[in-house]
Structure formats: structure tokens, C-alpha cells
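Data first, discussion second: the structure below is written as C-alpha cells.
Labels run A, B, C and D following the written order; every chain starts at residue 1.
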Amino acid sequence: MTLEHANLLHVGFVAVISAIILYTILSARAGRKLFIRRIPGLSAIDEAVGRATEMGRPMLFSTGLSTIDIDSLQALAIAQYVARLAARYGNRLIVPVVDPVVFAIAEQLVREAYASEGKPEAFRADDVRFLSDQQFAYAAGVMGLINRERVASTFFFGYFYAESLLLSETGQEVGAIQIAGTPATTQVPFFLASCDYTIIGDEFYAASAYLTREPTLLGSLVGQDVGKGLLLLMVVLGTVTAVPGMPLHFISKWLARWLFGG
Amino acid sequence: MMRTRQWAIVLGIYIVAGLVGAVALWWLTHALTPIFRPLKGANLWAAVGGSVAFWIGLMALLHRMPASVKKRVAVVVTFVSGLFYVLEFYLPKKSGIFFWRTHHTNPFSPMLDTVGVATLVITGFTLLLATFNLCLVHGKNIAARRTGYYNSVAFYLAFFAMATFGLWQNHAPTSKLFASKVTVAQVYGYLFNSTYVPLGSTLFSVLAFYMATAAFRAFRVRTAEAGFMMVAAFICMMGQVPLGMWLTHTLPLHGPLSHLRMESMANWVLGVFSMAGLRAVTFGIFVGALAMSLRIWLNLERGAFFEQEL
Amino acid sequence: MRSVAPRLVIWLGAFALAAYLGIRFHVFAPTLGIWLAAIATLAIYSILYRENVVFRLFEHIFIGLAAGYSLYTVVVQVLIPKWFTPLFKEGCWYWIFAFLVGTMFYSVYSKRWSWMNRVAVGFFMGLSAGLGIVGFVTGLAPQLMASFKPLWAQRPPYVEFNNVVFFITLVTVMSYFFFSFEQRHPAVRGSARLGRWLLMIAFGAIFGNTVMARMSLLIDRLQFLLLQWLQVFGKG
Amino acid sequence: MKLDWQFWSRRLIWLALAIATAVFLLVKVHARMYVSRPALDLYRAVEAVPPDKIIVISCNWEMGTYGENGPQTEALIRQCLKLGKRFAIFGWTWPPGPMLGQQIAERLQRPYHRRYGRDWVNWGFNTGGSPMIRGWAKNIPGTIKEDIFHKPIMSYPVMKGVNTARDVGLIIDITPSNTLITWIEFVYGIYRTPIGYACTGVMAPEAFPYYDAHQIVGVLKGLAGAAEYEQLLGYRGDALKRMPAQSSAHALIIALIVLGNVIYLRARRRGQAPGARLTTT
């Protein structure tokens, strides 16, 4: 039995979920107000920026290790939000970057953030830095920065690999408030242990939608919720009818057979 | 009312574009087959030269176009390349583009491996870009005599040594180096096995030390959540090694008490809790990936990268 | 004083080692490979004392070797057999387009021509988006199917128990990841909180396994130093 | 000169770790593993591959994880050589992968009287990621073309009858990264070719959802998995020899976590350390 091509259930399934997602995206862009629940940890961003300003020490934002892809784009959206806050409070935000393309966009974003708050002169060109495109060289660079600048708050948003612990442990050492968010499940435990707030898995994507209020992201998120709801419904339906011989067992059996393909 | 009409128009555009794209792809596979046959000698060079000239012309033409056209070109290219895989998979095995001509087999399946090799070659060329980029950075360091520029010199030495001896030993592994007894393959072995391999594994193993200090300083049971995490971590750490297995080795191997053995508990944590939790996360990520793919494919994505000036 | 002393020690150590190796080269020649590996290993471990010149030097050597190696592999294993040979030896002229598309990426360095990079990136993004829409079915369907675990009438009884635990974990963790409504109803809120707790167990498992992974790498290097290098060292 | 306690406490812990592992590498302790179900399943799956099909050993790893993936590759190749299963080494994420696999296979083949080309082959490294694998599954000779010695792969007797993913009896992905999903989506998901997984410890928890869904037939978890496999093969290799050191390292980490928490809780009781600094959730 092979699944070289989709069967009707697959086509229908994907078509329904895609249609819902597209509908919510388009209706959000047409101006419909959509709701996102509060995400724990995000409200702490303001607090972390405020505390850093009180202490008169700078902040650090790392956009993770990925090149230009969906994770780094979301991270940059959050960086822009933090940069605006930093500009409003008149504080410095250091953004070390791992990829040349991300670097170009990050610099532009942070500069614009300071300009939009009416403080273009507060932006230091040296604060957005391209450190290295090598994992450990980058990690060593960020660790050095955290130590030298005695940063008061650190933000780790994006896709991280093994260096997550190196970075967050250094932040812990200098006593910074740390907020992290990553879709990389393997690195979440290390952030959970050493950061004050950690945004887990899917929440990371929701976070950028929550902060930026970008209609496309908001709409997509709501559509994804409906899709997840459908999956949950299928799981529940399939599970409660899973015992062989019970009435309605055919639901579970047929679903399984159709899903498997053939 | 207005909104409904807008959606209808957008949807209509995509349906039409999809159909046109599908027909174009189908036409490429069938009608153009005779053009894509191997050539020899002068014909080959003419075809290659012609293709390059055609490409340069096309690029020059596009370059003169306003930014909005360029952006649209990028959007169309994205859409068509995505369409290929979507049609290949979601059309049934026996089908034409036109539903009434079902005696055709799926027209896109034969092209799968060609597209695969093409992506492979193109990414091969882009890998050279990353290398080029690295050389550029270190070249600048040396030219400007920045602090630690000798590191960049070391980079260049290592880079050229590895590339040269790699290609050389691949070409003639047994040839001798400068009339000495040392063969090229041996030098390559010193570079690869004795320097590159240990450097890589040692860099990674440094993490073990950081893990130890982090365990001491960062892993604090501040909340109930952290407590749950620590218990699961303890079971998994102990259940994987003979020491942990020895702790509970007096318990029987079978029967109800065997579930309390360390290795059974570790597998239980991995196979029930961890599996279910991560599967729930995976479901969310799959739906998220579908949404993201749709946004990119249909040019709905917004943000710095997608709105930058061209 | 403090910054000079360690540097001096490291340089003197490196010099002494080099001199020793040079004088007794005839002894070491057969084991040159092991010596090189040991020096590389120790140079990297020197960062455990503190960031230093030797570490940075070897780090750059590593980056250079890695770049050289990927250049070599891509040319030999991809570009020659899959592009050069079909194009120039077998006469499949259309493969030249692969090169032309590849060159479009290089325009990233010029602001005027960067649109070409954008088009080429768009091409790849399209491919991966298409694969993402395919992967939704081929990757998700079997997992969904395997989640249909019967909750009662199972033998032995612990299977039943495991299935119930599995079902509760799956449903509550999924409920935690809903964002588009306020989790105000106590049942929903309770489920989401329970989901978060159960998820922590999964993260704990990841933590435990990561410890295992990192320690294995360390043991690998220590085994090399202690059992291979020191043996050679003893003979020298 | 004042002793920098923060600086030296770290080095002290690191030294303790180095000693704790080194001692158990030098002192010989006979460790015994209990073979877990996922490892046993992989072992049986290799045994069950019919002679007309080939096993693909996908070396998607590089030197960084030699400590874990090396012994795994060794154990798996040893089993193939021992049972006389045909196999092909392959890799598509890190260029050095197939070369490291080649070195291991060359080292091991002699006692079993196996030969390159007749009993096994090395397809080398390919770029291109998932699109390449999607094409590969449909047409193996067309995508691979040449082995690492630049001979057409179909010129080797071992490749007889190997054309698509249907002619592959088992794919074992040895990797520290998330390559498994590509195999599952585009090879298992489409052709139902069995997939085995030998991963680093980090990736093991993520493998279990796929194992449970029968998308992969078995899992080797890091070095412990390799040790279990050696136990099954009845051979004391590197992995089993390293298990005592591994045990002591784990014990040390647990001790450090407990110690750190005791110090923290005592400091908090005296009011020196802040609790959860921000209490909002």
C-alpha cells in the first residue's frame, strides 16, 4: 500500500483547512477585528524594558541562528516591537545577528523603530552587529557582549540550537531578566530552566501576531485554531469509537483506513 | 458586499492562475519534449550559448521593468514552483489536467526526479555563495589589518589546504607529494581525520561542561512546573545508564513491579507523556506549516522581507 | 599583569610542545595523526580556562577546513556528476539553466540587482511551500491515525491506563495551544493548565536525554585523549 | 590577590566533571544494559529485510556528534556485515557524513569477508534536501548516478534490482538533526518503506510520536542505544565500555542540580535570593 497521491479524504481535509485559513486571513485584512488571548510572558517585555532603563543598563536581543526564513522573520517582528519600547524609554538595544541577510533587515528595522519614536539620534549603528555565521563563534560573541555590557534584560527569540544554554546561562550569571521564545522544542527546557519567561512552540508564532497586530498573522492564527480544532475533533471521534465491536466503531475504522491512504 | 466581491476576485484570479499554470506545466512536459533532447558538438555549444544569451536578455529586460513588475515576477515564480508539487500529489495517479481525459497518467510524476536533481544542483551553486561570503569577510579582515587578522590568514590557509588536497586526492590519491614518500591521500587524511574531525567533536563536547555549571546554577525549582520537569529529567537520566538500572535491579523483570524499574519508567515517560505532549505540539506545528506554506505560496505574507524595495 | 600571565603560559606551552615534537619527530612520525588530533582537542579545551589566542586560532582553522571541505564535496559529488557531466559530456544543454538560476543568488551583494536574488529565493520558497502542503498529509495522517487508541476493554490493563493517560495529555496540551478565544471557562482553563504541566514532563524528558547526548560527546573525546593519545605519549 | 570565586567555582565544577568521567574510563567496570523495546525492534527489522532488498544507512551526521552517532553507525554496519545484508551508505545534510561511514565500514568489513561493491556500496553526499529525496525515492540511479569513487552505481553487483524506494528494505537514518521528517513525509509517507532511526539523545523524545505511529520501526537513543545494540550483537564495543563513565557523569549532574537547589533554597529562606522574580504569569 502506498500513498503516492492523495485520496479524496486527504484532498477534502486539506481543502477545508486551507479554505478556512485563507478565509480568516482575507477577512482580517478586510478589517475584521480578531481576538487573541493574552500570552503569558509577553506582558513581561514591557516590565523588562522598564527595569533595564531604571538600572541604566542596555538590553540584548538575539534573533536565533536561522538564516532568512519564517522563524527569523517572526523574531525580527518581535525585535521591532522591543526596539520601539527601548527607543521610547531612551535605552539601548543590542542586536547581535548571525546571518548577513538578516543583519541588513535588522539594522533597517531598529533604525526605523528609533526614528518612529522621534529619537533617531539615540540609535547607535554599532548596536546591530553581524558577529559570525558560525554557531559557536556567534555564541561566544554574544556571551562576551552580555558580560561586557552587563545587560539588564535579554530577549532570545527565534530558532536556537545547542547554543541556547550557553547564552541563557550567561544572562543568568549577570542577573538579567530573561525572556525567551522558540519553536525549537529541543531547546525549550534550557530556556525554561534559566529564563524568567519562556514562550513555547506554537506560542512563538502567536507572540509575533499578538505584538505586531499584523492582520495576515492574526487571521492566519485564528484559521489555524479552527484547523487544530478539527484535528482535535477527529482525535476525540477516533478515540471514543476505537474499541472494536462497539457501536459506531466504523467511524474510527474508516477514518484510519482513509487516512492511511491506498 | 464589497468584501465578498473582493474575495471573489482574488479567488478567481488564483483559480485562473492555477489553471493556466497547470496547463503551462503540462504543455512543458509534453509539447516541449523534442526540444529537450541531448545535442552534440557545435549544436551543443550553440544551444548553450543561445540559452545564456536568452537568459541575459531576459534579465536585462526584467531589470528595466519597474519594481512592481519585478515583485510580480517573484510572486508568479513562487506560485508556479509551488504548484508543481501540489498538483503532483493532489491529482490522482491516473488523471490529465482535464478531468474528462482520465486515461492520461498524472503528468507531473515523471518530472519528480528531474526537479529533485535540479534543486540539488542549484543549491550546490548557492553553497559556493556561502563559501564566497566567508572568504570575503576574512579577506576584508586581512586587508584592513584588523585585530586578530592572523586568524583570517589561518582561515585562508586551512581553506585552501582542504580544498586543494580534497580535489587532488580525489583525482589522484596515490601521487606523491614533492617527490617525498608522503602521498596526497595521506596529507588529506591528516587534514580530515586528524584535524577537522577532532576539532568538530571537541567544539561540541565543550557543551557538556557548560551543562554541568548550568545544572548547578540555573536549574532552580522555582515553580511546580520546574519540579515536574526535574522529576522527568531525573528518571530519563537514570533510566538510560547502567547505574540507574542497577538502582532498581532487585525488582523483577516481569510482572506488575517491573514497571517500577528505572529503564521501564524512562521508556514510560518517553513513550506516553513525552510522546503525547510532543504530538500535540506537532499537530499545531503541522497546521502552522500548512498556513505558512499557503501564505508564502499565495503571496499573502507581509513583513520586512516581503515588502522590501526591489 | 593578569592579562599577560596566562597568555605567556599558553605561548610558552605551545612553543615547548612544538619544540619537543620537532626534536623527536622521528618518534612521532608514525603517530602524527594522533598528535595532530590531540593538539586540536587540547586547543579547543583551552577555552575552559578562558577565551584565548590559541582557541581563536584553532576555531578559525576549523572554519577554514569546513569551508574547504564543503567546497570540495559539492564540486566532486554534486556539480561534476550531476551538472557538468550531463551538460558537457552527454549534451543535455538545458542544464545550463541550473547554473543561470544559481547565479541569480549572487546578486545579493548589489542593491541594484538584488531583485534577482528575490526571484531565486521566491523559486525555492515556492518549492518548499508546495512540499509543505504535501507534507501536511503524508506526515500528519499516520500520526492522527495512531492517536486513535481504545480507552477501555484492553488487555493487559496497564495498556488501558497508558491509553487514557495518552489521551488526556494529548487533548489537554492541544487545548493549551488555542489562542483565538479567552480561556475563561474553568474547564478550558483547567485543561490548558493541566496541559502545560504535562508538557513540562515532555520537556524534562528532553532535558534528560540532552544531558546524555552531551556527556557522550565529552566521553568520546576523553577516551581519545586518555586511551589513544596518552598511550602514544607514554611510548614517546 | 583576591580569589575570583565565581570564576573558580565554574572551573572547579568542570574539573570535577572531567575527573568523574575520566576515572571510569580508566577503571574497567563491567556494565550491563537492559535492551529496550525500540532498540530490539530495530534489530529485528534489520534481521527481517529480505535478500532481494537493500538497506540504506543514511549517515546524516558529522564530527560534532561522533561520540554518539559513530558507535551507532558502527553497531548497525556490524550487524549488516554479520548477517550479510546488502547496504548502501548515503548522506544529504553534512558533506563528511558518508565519508565517516565509509571509514567505519572499511574498518569493520575484513573479519566478515565482505567486499565493497559486492556486499555494500557508498552513494556519497547529495545536496538538495527534501525535493532531492522526493526525486530520489522515485528514481534512485537517476538521482545518485555515481558512487564516491565516481563509478556509475549500477555497475556494482550490489545494486542489482535497486531502482526505487520500493526496492529498499529499510532506511536507517543516523542523525543529530531533524532529517527524519523528510524520510517520513516523502519516503515512508508515500512508498511505505520502513524507516529506522538512530539519533542523538537530544532528538530521542521527538522520535517517540513517530515510533508509536509505526512511521519508524525502531529507535536507538544516543550512546545508550548503541550500547543496547552491542549487547544484542553480543559484542563489547566502545559504547558498552563508555557506559560506566556515562553513569557517573549523569550522577554528577543530578548531584549538582540537588546541591544548587539546596543552596538556593537556603539563601531564599534567609531572604538573600529573590524567588520567582516576576510573579505574573
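Throughout what follows, a contact is a pair of C-beta atoms (placed from the backbone, for glycine too) under 8 Å apart; a residue touches a chain by one contact, two chains touch by 3 or more.
Fair warning: this is a prediction, and the values are worked out from it, not measured in the lab.
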Topological distance between chain A and chain B, in contact steps: 1
Chain C and chain A - chains in contact with each: B, D
Pair of chains whose C-beta contact count is the highest in the structure: B-C
Identity of the chain that, by mean CA position, is farthest from chain A: D
Chain C and chain D, separation of their C-alpha mean positions in angstrom: 13
Distance between chain centroids, defined by C-alpha means - chain B, chain D (Å): 20
Between chain A and chain D, centroid-to-centroid distance (C-alpha), Å: 29
For chain C, residues contacting two or more additional chains: 47-48, 59, 63, 69-70, 72-74, 78, 82, 108, 127-128, 131, 133-139, 141-145, 147, 167, 170-171, 174, 177, 199-200, 202-207, 209-212, 215, 217-218, 220-221
Chain B: positions in contact with at least two other chains: 85, 88-90, 109, 115, 117, 119-121, 124, 127, 130, 134, 192-193, 196-201, 203-209, 211, 213, 215, 217, 219-220, 225-226, 229-230, 233-234, 237, 240-241, 270, 274-275, 278-279, 281-284, 287, 290, 292, 294, 308
Junction residues of chain D - those touching two or more other chains: 14, 17-18, 64-67, 96, 126-127, 131, 134, 189-190, 201-206, 209, 212, 221-222, 224, 246, 249-250, 253, 276
Contact graph of the chains (line, ring, star, complete, other): complete
Contact footprint of chain D on chain C as seen in their complex: 48-49, 69-70, 72-74, 77-78, 81-82, 85, 127-128, 131, 134-135, 137-139, 141-143, 145-147, 202, 205-206, 209-213, 215-223, 226-227
List of chain C residues in touch with chain B within their complex: 32-38, 40-41, 44-45, 47-48, 56-76, 78-79, 82-83, 87-88, 90-103, 105-106, 108, 113-116, 118-119, 122-140, 143-144, 147, 158, 162, 165-167, 169-171, 173-174, 177, 195-212, 214-215, 217-218, 220-221, 224
Contacting residues of chain B [partner chain A, same complex]: 3, 6-7, 10, 88-93, 106, 109, 130, 133-134, 203-204, 206-207, 210-211, 213-214, 217-220, 225-226, 229, 233, 278, 281, 283-285, 287-288, 290-292, 294-295, 298, 300-305, 308
Chain D - residues contacting chain A, complex: 6, 166, 189-192, 202-203, 206, 276-278, 280-281
Complex interface listing, chain A residues touching chain D: 1-4, 40, 43-44, 47, 173, 177, 185-186, 196-197
